[in-house]
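Report on one structure; see the data block that follows.
Chain lettering (A, B, C and D) follows the sequence in which the chains are written, and residue indices restart at 1 in each chain.
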Amino acid sequence: MNTKLRYGMVGGGPGAFIGEAHRRSINIDGKAELVSGWFSRSFEKTKERGRELGISEDRCYATFEEMAKAEAAREDGIDFVVVVTPNVSHYSICKAFLEAGIHVSCDKPLAVSVAQAEELERLANDKGLLFLVTYTYMGHVTARHAREIIKAGELGKIRTVVAEYPQGWLAYEGEWGGKQGEWRCDPEQSGNTNCLGDLGTHIENAVTTMTGLKIKRVLARMDKVVPGRKRDDNDFVMAEFENGATGLFWSSQIAIGHDNSLRVRIYGDGGSIQWFQEEPEKITVIKKDGTITEVHRGYSSIAPEAAKYGRLPSGHPEGWFEAMGNLYKSFIECIEAKKNGTFTPDMIDYPTVSDGVEGIRFVEACLKSQELGNVWVDL
Amino acid sequence: MNTKLRYGMVGGGPGAFIGEAHRRSINIDGKAELVSGWFSRSFEKTKERGRELGISEDRCYATFEEMAKAEAAREDGIDFVVVVTPNVSHYSICKAFLEAGIHVSCDKPLAVSVAQAEELERLANDKGLLFLVTYTYMGHVTARHAREIIKAGELGKIRTVVAEYPQGWLAYEGEWGGKQGEWRCDPEQSGNTNCLGDLGTHIENAVTTMTGLKIKRVLARMDKVVPGRKRDDNDFVMAEFENGATGLFWSSQIAIGHDNSLRVRIYGDGGSIQWFQEEPEKITVIKKDGTITEVHRGYSSIAPEAAKYGRLPSGHPEGWFEAMGNLYKSFIECIEAKKNGTFTPDMIDYPTVSDGVEGIRFVEACLKSQELGNVWVDL
Amino acid sequence: MNTKLRYGMVGGGPGAFIGEAHRRSINIDGKAELVSGWFSRSFEKTKERGRELGISEDRCYATFEEMAKAEAAREDGIDFVVVVTPNVSHYSICKAFLEAGIHVSCDKPLAVSVAQAEELERLANDKGLLFLVTYTYMGHVTARHAREIIKAGELGKIRTVVAEYPQGWLAYEGEWGGKQGEWRCDPEQSGNTNCLGDLGTHIENAVTTMTGLKIKRVLARMDKVVPGRKRDDNDFVMAEFENGATGLFWSSQIAIGHDNSLRVRIYGDGGSIQWFQEEPEKITVIKKDGTITEVHRGYSSIAPEAAKYGRLPSGHPEGWFEAMGNLYKSFIECIEAKKNGTFTPDMIDYPTVSDGVEGIRFVEACLKSQELGNVWVDL
Amino acid sequence: MNTKLRYGMVGGGPGAFIGEAHRRSINIDGKAELVSGWFSRSFEKTKERGRELGISEDRCYATFEEMAKAEAAREDGIDFVVVVTPNVSHYSICKAFLEAGIHVSCDKPLAVSVAQAEELERLANDKGLLFLVTYTYMGHVTARHAREIIKAGELGKIRTVVAEYPQGWLAYEGEWGGKQGEWRCDPEQSGNTNCLGDLGTHIENAVTTMTGLKIKRVLARMDKVVPGRKRDDNDFVMAEFENGATGLFWSSQIAIGHDNSLRVRIYGDGGSIQWFQEEPEKITVIKKDGTITEVHRGYSSIAPEAAKYGRLPSGHPEGWFEAMGNLYKSFIECIEAKKNGTFTPDMIDYPTVSDGVEGIRFVEACLKSQELGNVWVDL
C-alpha cells in the first residue's frame, strides 16, 4: 500500500543544483516519488541520471514531448511534472505537459514573455490543471505570517515597501559563478534579462504576496555593470501599487558580501514588518506605538494559516528545503484532492501560474522603462 | 532497480516529534526507506501509524524484541534501526537489535547509566556493528568546520571553552511543554536527570567533538528550579580538559526567551571561534591578531571535510533536518560500505556509541558532584 | 592660564535638542567654551537661557546682527559661532557672522537654495574664514575608515552605492514629533523640503564623503505620505556618479520601527563595505574573495587617519556626541592654527561649506526631478 | 556667575586613559570643572599635566596628602575629588580626602581588602560625605531600566542570572596590553587579583544592582592561563543569592574576539532580560508568554527613573562617556543639594561606597574559594 503521488522531472541533470533541490524538498514530507524524467538533451545522460535516481529505464525519455505523451498514456503515469530547465524553455515544456493533461510545477521566472506566460495561464485554466510556480521563499512560515497579519489589517494601510535581493556571486565575469552563472548571463538561455528575471521577480512576488497589493506601474534602471556582461546585473526599480503605496526595489548580482539576501520591509500606517530570507526563522513586527517584537516560527503568536506549515519546534532551524517543501505540501494536497474529487480553489496555498504571469509583466514593464530612458511604465 | 537501504523505527508514534524528524532527515537524501516499525506500546497504534507511513502490516510489530528477531530473519530485513523512545528504554532496545546483528541509530542520551552505555559499546564492537548516536547539531557544516580548523591548529592550544544550551519551554510546570515536557521531567522515563541529560549532553558532545579534547573532571551544580519539578532544570558545570584547558557550561529549561540556544565559544592561544546552533549557517572565527571574520556555509574557506556536507549554495539556509541528515549520510555510507565490503573505520564521520558513552560518563560525574556538594569528580 | 577657544551660539533655546547637543559635543574635549549667545527671538528667553548656561548678560544679545558686530568688536570676542536655528534662517545668520569675520559652524542643510549656499561659500572663501557644516555622522571613526580604505583603493572601482536613512517618528501628524516635528514639517521654517533636506542630505554627504565621488545627476520621487503633510516625508532617489557608478537612496520619516537608521553600503569591484550609524563602533568590510570581516573602532586595522579620533579602547562605545565632537576637534584645531599662523588647508578634516553647497545642489536637483515627473536632472 | 562645582583629580597622568575618561564624562554636562590635581608621583609631571589642563600651578600638588589638606583649607577648594590611580593606592588616597572632609569619587575596585573598604565606608558615613564608586556601566539608561522593571516585579521572582565579562586584550604576555596591561597584571599595583577585581566586580555590581539581590555565597575557580602571569586572567564563579536564585559568572582577559563584553541575562518566573554593554542603546525584554521585545533608550516604554538620564533621541547612540556622565550627574546633584541643604539620601542614584564594599567582599570570597579548592564561601 503506497499512497504516494508520482512525479516526473524535466531538467535537473548533473551540476544543476535546482533539480536536486526540488527532489529533496519533495522528499521531506515523503508524499510523492520521482518515477520518470527527461534530465538532459542527451538521452545518454538522461538514462545515466535515471539510473542514479532509481528510475526504470522505460521512464527515461529522449524528448520532453515524448515524455508528456507517454506518461499521460500510462495508467500509472505521473501526477505532476517538475520543470527545472533554463528560462527560455519553460514555455514549450510546460505547454506540452499541460496539453497532455498533467499538473505542472515550474521554476520561476515562468517564461520569457508575457504572451508566453498568459498562454500557459489560459491553458492551465482551460484544462483545469494545477500549476505551481516555485517562488521558494514564500513557502517560509514567517513570510506567510507577514501575509496573514497584513491581510488581517495589523499594519493598517500599506504606505511604502522597500525590498532588495543582492547577491555577489556574479561580481566578476568568468571567475565565479561556474555553470550556474553561465546560463543565467547567457541571453540564449535566460532571455532578455538576467538579474531582474532571476532575483527581481522574487522581490515582486514576495512584495505582492505579503501585501496582497498589485503593482500598477514601475520606473526601472537596469545596468550591465560587469564589463562584457550581456544582460543586466544590477537593477533599481521604483514602483507604485494600486492602493497608492510606493515601492523601492534593488536586485543585484555584483554586491560582494551578500549571499542570497532577499529582504522585505513593509511599512503601513498601523505598523511594519521586516523579513529577511537568510534568517527565515524570525520576523520582526513593529506595532503602531513603535514596539519592536521578534516573532519566531513556532511561537504561539504566529498566525495559524502560517504556523501549520512548521515541522519542528522553534529554535530548530527550518530552511530553504522546508520553504520549498511547503509549496509542494499545498500543491500535492491539491492534486490529491483533485484525484479524490474534494478539491476547491480556496485550498490553493502556493504561487500559481497567475503569480508567474505577474512576474513576467513586471519584467517586461521594467525592460520597457529601461528602454525608454527610465520612465514610468504600466504593468 | 532500487538501491535504497531499508530501515525500521522503534518509537516515533503520534505526537512524538523526534520520530518524524528522523524520518524527514533520512528522506532528504533519499538513500534509505522506512519499511518496518514498533511505534507504540499499543499494537493498535503501531499498526495505525504503520498504515499512515505506508508500511505493510506484517512489518508492524507488537514488541521490539519480536521486531529485532523477525527483521534479522528476513532476507529483505532492515539494514538499520532508529531508536527514538524515551531515555530509560534505549538500553534494552538497542541491545535487542545489536544482538540480532542490526546496525543501530539511537537518540541521545544513549542510556541512563554508564554501565548500560558501556555494555552497548562493547556489544557493538564485539559484533562489528555500526552505532550512530544522533547528536544532531554536530552534523552542521559549520560545526564540522570548527572541528577541522581546531584539528589543523588554527586556534593554537585550546585554553578555555564557554558553552551554553538554554531553553525556556519548561519554565512552568504543566503549562507549556505538553507531552514532550511530561516525559522529559518524569524520572520514570528520563532517568536520573532531565535538563543535563537532554541538553548538557549536547554541550559535552559539541565541546569535545569540536576541540578533540576529553573532559577529565567536572564540578556541577544541578538545580530543580520550578516548584514541584522532580529532576534538574537548570545546571551549571565547571570542567577541566585533559590538556589543562577549562570549561564553563550552562544548560537550562527555564530560561524564558531562549528557544534552543546551544552556543559554543572556544578560545585558544591562536584564535577563537563562536558557534550558535540557531544560526547554523555561519561561524565566527577570530584570528590571533583579533580579526573577526564571519564564515558562511558554502564559502570557499570552509574546510573540505565539512564543506562536502553542504547541499545548497550559501545564503540558502540549511537547518536542523540537514544537520541530522548529515549524520545519516555518513552512517548510511558506512552501512553501504559494510555491505559492499569496502568499509574502513576512518569512514566514520558521525557520533558513535563511544561518544554516547562519554555523554553518560559526563552525566554521572555531574550527578555525583551535585550529590557530594559541588566538588570535582573525575569522569 | 586658559587656552580654550571662545564661541557663541545662535539658536539652541529651550526644547531645541540640537543646541544642547552641540554644546555637549564641544565639551567632550574641553577645548572651547560658550561665552555668548542669541538663543531665541525673545530677548527675555535668550537672557534666561544665558543665565542657565553661565553666560554674562552683556553677551546675551537681542538680535544676531548685533551679536555678530559686538563680538567682532570685542578683544575677547568669540572665535567661532555655532548656528543651530531652523533651516530658513541659516543663510542670513551665517552671512552676518562671516561678514563680521567670524568662523562659522552651521547645522545642515546649509541653506534653502543653491544661490544662498553658494553665496555663503564665496563669502567664506573671500574672507578666508573656516566654515564647518555639521554632518555629524561623518565624524565617526568607522565612517572615516570607510573613506580612507576607499581612497586607498581597497574596494577597487566603486560600482554601486545603496544607502538609506529611515526614521519613524513622523509617521503620524501631530501625535509624535512634538516641537521638533512641527518646524521640520513646516515650509516656513524648513523651506521646500522636509525629509530630503533633513535626512537625504545626510545620505548625500555620507556617500560622497566615503566614496570621494561627486553625484552627476539624480532621478527622484518625493512623496507626502501622511495625510495633511505639506512637505515630503518619504523619498526615493536614483543617482549617477561622475565615474559611472550608480546609487539608490531612500530617506523616510514614516518608517515605523526605525529610529535614526542611516545605513550606507558601497560596492566596488574589489570589495565592499557596510556601515550603519546606529552601530557606529563597527564597520563590515568584505574583501574581493568574499571574506567578511568586522572591524571595530580601536582595532589596529583601522586607518590611522581615522583611528586618531578615537578616545576610548574598543568595546567602550563612543556615540553621537563623540562623532560631532570629532568634527569640532578638527574645526577647533584649524581655528587654533589660524590664530597661530600655522594653518594649511590640508588640515581641514571636517565637512566644509562646499560640502554644504553640494547638499543643497542635491536637494534642488531632486525637487526639480520630482516637479518634472521623476526624470533625470543634473546637479 | 559660574555655578559649576570644582573638582580635583588624583591620578590620570599621561597614558592613563581612565583619568581623561572621567574628565570627558564630567564635561558632557558641564556642571563641574577641574581645578586641582596630583596627576603623578613625579611633581614635574603633575605640573606639566596641570599646564596642559589649564590648572593654575598652585593647585598642582606634590603629594595627595598635601592636596587634600590644602584644598580643604581653601575657600574655593574642591567640592569633590576623583581618584583614578591603580587599585592598591585607592584606600590611602580616599581616606586622606574623606578625613579632609571632601566628597570622593573613586574608580573600582574600591580597595584591595574588605577591611580597607569597610573603613572607607565607615569614614564616609561618619563624616556624612558622599562617595561614588564608578561602576560605569550601571550609568546606562538601559541598565537602569532593567533595575526598574525588576524592582516593579515585571520579571517576577528572579531564578537565575548568567553574566559574563570577556576581554581578549591580555591574551598574550607583553605583546598587547601596553601600560594598561602592565599594572593590571602586576600584584604590586592591582593587589591579589587581576581579572576578577577588574572585570568580575563589574559583573557583581551589575547583577546585584539590576536584581536588587545580594550574593550570599560563591564558588570560584580562578586561573592564570597565560604563561608567566602572576594573577588570575580567567575566572568562573557560581553564586547563590539571598532569595535562593543562582548565578553563573565568567570574566576573562584571554577571550580573543571580545573587546569589552559585559553581558547580563536575568531570568525570573515572570520574564527575563538580556543586556549587553557593547550595545547599550537597547535591552531585550522577554515577557512571561515568551514575547521578545527590543526596547531602545528613548522609547516611551523606558521607565521614567531611567529615561530621565537620556540626552539624545533614540537612534542617536549614547555610549561609555554618557554612562559615566550619568553617575556623575546624580553625584553632582547630590553634592549641590548638600551645599544647598536640600539633600536627602533617596536622591542618591549612583553606586556608593557600600556597593564598593560589596565588590571587595565578592573578590575576597572568590579568592578564598579558589584557595580552598573551589568550595562554597559565604560573603
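Quick note on the criterion: contacts are C-beta pairs under 8 Å (C-beta built on N, C-alpha and C of every residue); 3 or more make two chains touch, one makes a residue touch a chain.
Worth saying up front: this structure is predicted, and the values here are computed from it rather than measured.
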Which of A-C and A-D has more C-beta contact pairs: A-C
Farthest chain relative to subunit D (centres taken as mean CA coordinates): A
Distance between the centres, which are taken as Cα means, of subunit B and subunit A, whole angstrom: 35
Geometric centre distance via CA averages, subunit D-subunit A, whole Å: 55
Between subunit A and subunit C, centroid-to-centroid distance (C-alpha), Å: 44
In subunit A, residues with contacts to at least two other chains: 290, 292, 296
Subunit D-facing residues of subunit B, complex: 159-160, 162, 164, 166, 168, 171-172, 219, 221, 223, 225, 234, 236, 238, 246, 248, 250, 252, 254-257, 265, 267-269, 271-272, 274, 284, 286, 288, 290, 292, 373-376
Of subunit A, residues touching subunit B in the complex: 1-4, 17, 20-21, 23-24, 27-30, 51, 54, 56, 167, 169, 258-261, 277-281, 296, 298, 311-322
Residues of subunit C that touch subunit B when the two form their complex: 289-296, 299-301
